[in-house]
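Look at the two complexes coming up: subunit A is in both, with subunit B in one and subunit C in the other.
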Partner chain A sequence: MTAASPLLAIRGLRAAYGKIEALKGVDIEINSGEIVALIGANGAGKSTLMMTIFGRPRARAGQILYDGKDITTVPTHEIAHLRIAQSPEGRRIFPRMSVAENLRMGADVTDSTDAERDSTLERVFALFPRLKERFAQRGGTLSGGEQQMLAIGRALMSRPRLLLLDEPSLGLAPLIARQIFDAIRTLNRQDGLTVLIVEQNANHALKLAHRGYVMVNGLITLAGSGAELLQRPEIRAAYLEGGRHT
Partner chain B sequence: MTALSHEITQTSRAAGIPFILKRAFFNALVALVLFSLMVGVRTEAGPDGQLTYWPRFVELASLVGIVFGGSVVIELLRQWIGPSGAERLVPPALHSGLSFLGRYLAPALLIFTLLVPVIFYDQRYILDLAILVLTYVMLGWGLNVVVGLAGLLDLGYVAFYAVGAYSYALLATNFGWSFWICLPLAGILAAFWGVLLGFPVLRLRGDYLAIVTLAFGEIIRLVLINWQSLTGGPNGVPGIPRPTLFGIPLTNTDDGLAALLGIEFSPTHRIVFLFYLILALALLTNWVTIRLRRLPIGRAWEALREDEVACRALGINTTTTKLTAFATGAMFGGFAGAFFATRQGFISPESFTFQESALVLAIVVLGGMGSQLGVALAALTMIGGFELFRGLETYRMLVFGWAMVLIMIWRPRGLIGHRAPTVYLKKSQAISSDLVKEGHG
Partner chain C sequence: MDYFAQQLINGLVLGSIYGLIAIGYTMVYGIVGMINFAHGDIFMIGGFIALISFLILVSFGLTAVPLILLVVLLVSMVITALYGWTIERIAYRPLRHSFRLAPMLSAIGMSFVLTNYSQVAQGARVKPIPPVITGGYTLHEGAEGFAVQLSNMQIIVVLATIVLLTLFTWLVSRTRLGRDMRACEQDQTMAALLGVDVDRTISMTFVIGAGLAAVAGMMYLLYYGQVDFNMGFVAGIKAFTAAVLGGIGSLPGAVLGGLAIGLIETFWSAYFSVEYKDVAAFSILIIVLIFMPTGLLGRPEVEKV
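Then we have the complex of A and B:
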């Protein structure tokens, strides 16, 4: 892989639920080692984009290139083997399974050795010490913030190169949301993890991200560096109005 | 803490009396409406064929009175037992006693089961009943893989039981193959049918899946009835050979087991052999299930039950995961079916009705989905209980229904709702307390 080619490149991607077209030709590039934020209002197609990368729904047109390979038609369960991990919207942890089992589920699909798995587990615990404390507890008994940590930890267990995070701050108290964002920043700086983060919390996400995309009605309308986008008056008006100004 | 919760129950108890009366009054009113026509008016054909009727006020009044009194008693009992969240009120001594019981119940039961033929050697009835119970334990454990672990509601489990039974019966009667060759074949054929059922229902969940599996069970039964040339139709398959102990028949002949061992022949030998056979099969089912739960495939089943979308995001192939769950459950059903055929010596479609599916499902649900011990206990109670109340034929279903309602009220997750985790930390490490302070989650 040359330094110039992006880790994930999405070109002219279209996807639809039945007759309703959710993505109308999306172009996005994510370079290795970057945090990229995708912001937009409800129903803009942000989550659909995340899911289309994983092949559900399938793309109707366009290309998804990961590490130079076309993964547009790769089956969903095989995409996770390519070291792309996803922390889905609404966390979706396994409530009746223990924290340990939830984390283990993330590692089960990879071919990692026991030693690799243990070191990844230690890394997850270093990032989220609370998960270690709650190790034997059932996932459903965790607080919202802990569940989000668990969802991210579970995604990390597959030792991904690219992490897709769908609304990690959804429903969390501001303080907890900040902890989550801090952990993402740490992962990016220390482990060199590439992150695509979908957020409604535009303020936080754009501050965290190197670059950002703004999505409206299934189309990318704006792109730029995080700081740049934060300064744009139309962004401030559309996504930061009433938000937390810090 | 204890004082506080005590206080809370006190207040809720004190506030109760008008509430209890109101509730009892309402129940009595409903009873009055229901019974006024059912009991309050007696109709009979008169001498000339015309309808004569007369009111029965006394009976009606006493029934309504019973309902009123019963409601008061039930409400009082309910308040005495306390709110459902009051588990803390269990005294510590009782609690530790229960956990002690929980730890040693399974081994104790197993040892007792192993000794059953020794203890009850002369009581043929009890041995037969034990074999029946163990058959249902095995069926329950098999269905537990599908319903309890993978969360796929299967109302047609009896189909695999039937496939296993007919596989053995037909292979043995047509080709004269021995039980030990046919047993794995019956399992494989049942698993094959499990996959066959699995394919069309891959996209279905919950109610829709239940309907399709229900239909599948009926289809298999109807095919068995109507495919006369192969299955003998409603007449069934007679003369199914008895199992042998690795080629040694358990008969009163010169090459029989009794003659070889130089002991006197007794028909009980065969019953005891059958008992240990089904016990071994059931324990095999249990052992495989326990092992599978610790493997990625077993975890994937449980994860599938919890959240299918998350499973896909983690790279689990939901298709193969579902199909293996169906196939594994069906295989054990097939084993049990082959055993059933060899025990009975005769099978017919009548043995494989929906009622069997419902019974096995009830065992799994009442026992606690996913709990191996719970399923075994539920099978023992349900099948054993059924037999105990055989004398009270009329009231049997009533008691059965009551037991179900009571369990669902007090133990909505089944007798044993606890689920043991399968992953542990290798070594425990101390964590700095400032990292795990309360109030940050």
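Then we have the complex of A and C:
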């Protein structure tokens, strides 16, 4: 698995908000076709890592290699053109745009033809039929779960190779969360989509992922296959059993 | 009744010019949340460039009025748009991540720069031109010899406003640029994550706003037959008022607000006193904002998060 060069390689990445250092030298690799989970407590720096890949904030040190190319200093708006898409923390759908327009915003970056766009749209509808029902409705009027589906759907509209998902199950009813995890698994198996998923729900994420990383205070402290990490007692204690620390 | 009808026409024409300027305020506010206080002066610059290009064309011996006007329109839109682009670039963009008031203060400074620069470059005197578009229609001949007139120039001003409002409403609601603009307005970071070049989109907003102000400046020149370096100040404040009255951020609101201010001002002048027309316009503004804080067509800031 490590023989081929990884799709995304992050080396010694540091990033900060003003004087507060959020990433203190992070190393992560994601191979093409993998689902990688990043778990950790609130404030560990997981979302910062996702955003630093897009240059917000800019990395202070270290390297981000995508498909062998250094993208550490590429402007934020050009990252999407490299077919990396993000469903960010807090979903960030456009509240005063319709569902249709939100999805269109995702597709615009591809410069694809109408026919290509329609076929991608059909795929998104197949994963999230609810979006079809809400197509003309304004984004701001959707429920939390629907907004989450829209944020993921919008990211998928850009036909990404690498999809970054930040807490896709946050605040969702268990049934809806499962639907979303199922959709991610389907995308990975059928299209070979590479996924980096940040989750507080470590149980779900590690069951879904091929591999996982654990982040504490801006550093990766543990890495391994999903199944392996699920068995580790410190993970069970910290993230799976109600946060009972020893 | 005839007198009333005539004032209605005059008010609508004045309001259309305010409306064209107001679109620039409302678009910029919508996207960067800043009041571009230099926008009134951009309108003045547009008027001057229309005047200068008009005089140059005439001095070349051109006599075909429609051709002259078309060239003047294009030249003033392009050059004024360039002013808008440059101002955003040098005075606002470097301050975008500064504290909220910084770009606003910079805009006020820019307004003074443009006013004084025009005064130095063009002189302080009012610059007149002879009537270019003449003729019109007598709509109604009154008993006491008062006739309701609708001039061709008035028709052009109102038509230009309707066409431009339609065009830009279409642009904002249906095109990719318009979608990008609205995306930047709602969440710049997310827009950038989706591949939108936020800086370029903001630049385009200033360019479009300035282009519309140039049309307004040219209409003003042709309608009133004069421009002067100071005309941007009062017109700018009125147009800004129009944008707020209509609901800042809304394009149809800007034109509606412009028409409202134009009508109030004209009727007040006609029936009460010319001296207090501005007092009337701004009093109405205050009253409307007390009862409708988001303006006539503004959206209430209620959203589900």
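In the analysis below, the second predicted complex is superposed on the first by the 239 of 246 C-alpha atoms of A that agree within 3 Å, B and C clash if a C-alpha of one lies under 4 Å from a C-alpha of the other, contacts with A are read in each partner's own complex, and residues count from 1 in each chain.
Operating definition for what follows: a contact is a pair of C-beta atoms (placed from the backbone, for glycine too) under 8 Å apart; a residue touches a chain by one contact, two chains touch by 3 or more.
Please read these numbers as outputs of a predicted model, since none were measured by experiment.
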Superposition on subunit A - do subunit B and subunit C clash or fit: clash
First, second, both or neither for A:Lys132, with subunit B first and subunit C second: first
Which superposed partner A:Ser98 touches (first subunit B, second subunit C, both, neither): first
Which of subunit B and subunit C A:Gly45 touches, first, second, both or neither: neither
First (subunit B), second (subunit C), both or neither touched by A:Thr141: second
Comparison of subunit B and subunit C by subunit A residues contacted: B
First (subunit B), second (subunit C), both or neither touched by A:Gly212: neither
First, second, both or neither for A:Pro160, with subunit B first and subunit C second: neither
Contacts of A:Gly106 with subunit B and subunit C, given as first, second, both or neither: both
Contacts of A:Pro88 with subunit B and subunit C, given as first, second, both or neither: both
Residues of subunit A contacting subunit B in one complex and subunit C in the other: 54, 56, 76-81, 86, 88, 92, 94-97, 101, 104-106, 108-109, 142, 154, 158
Residues of subunit A defined as touching subunit C within the complex: 54, 56, 76-81, 86, 88, 92, 94-97, 101, 104-106, 108-109, 140-142, 154, 158
Residues on subunit A engaged by subunit B in the complex (per definition of touch): 54, 56, 75-81, 85-88, 92-98, 100-101, 103-106, 108-110, 118, 129-130, 132-133, 135-136, 142-146, 154-155, 158, 175-176, 179
Residue ranges of subunit B touching subunit A (in the complex, touch as defined): 296, 299-300, 302-303, 305-307, 309-310, 312-318, 419, 421-426, 429, 431-432, 435-436, 440-441
Subunit C to subunit A touching residues, read off their complex: 176, 179-180, 182-183, 186-187, 189-198, 299, 303-304
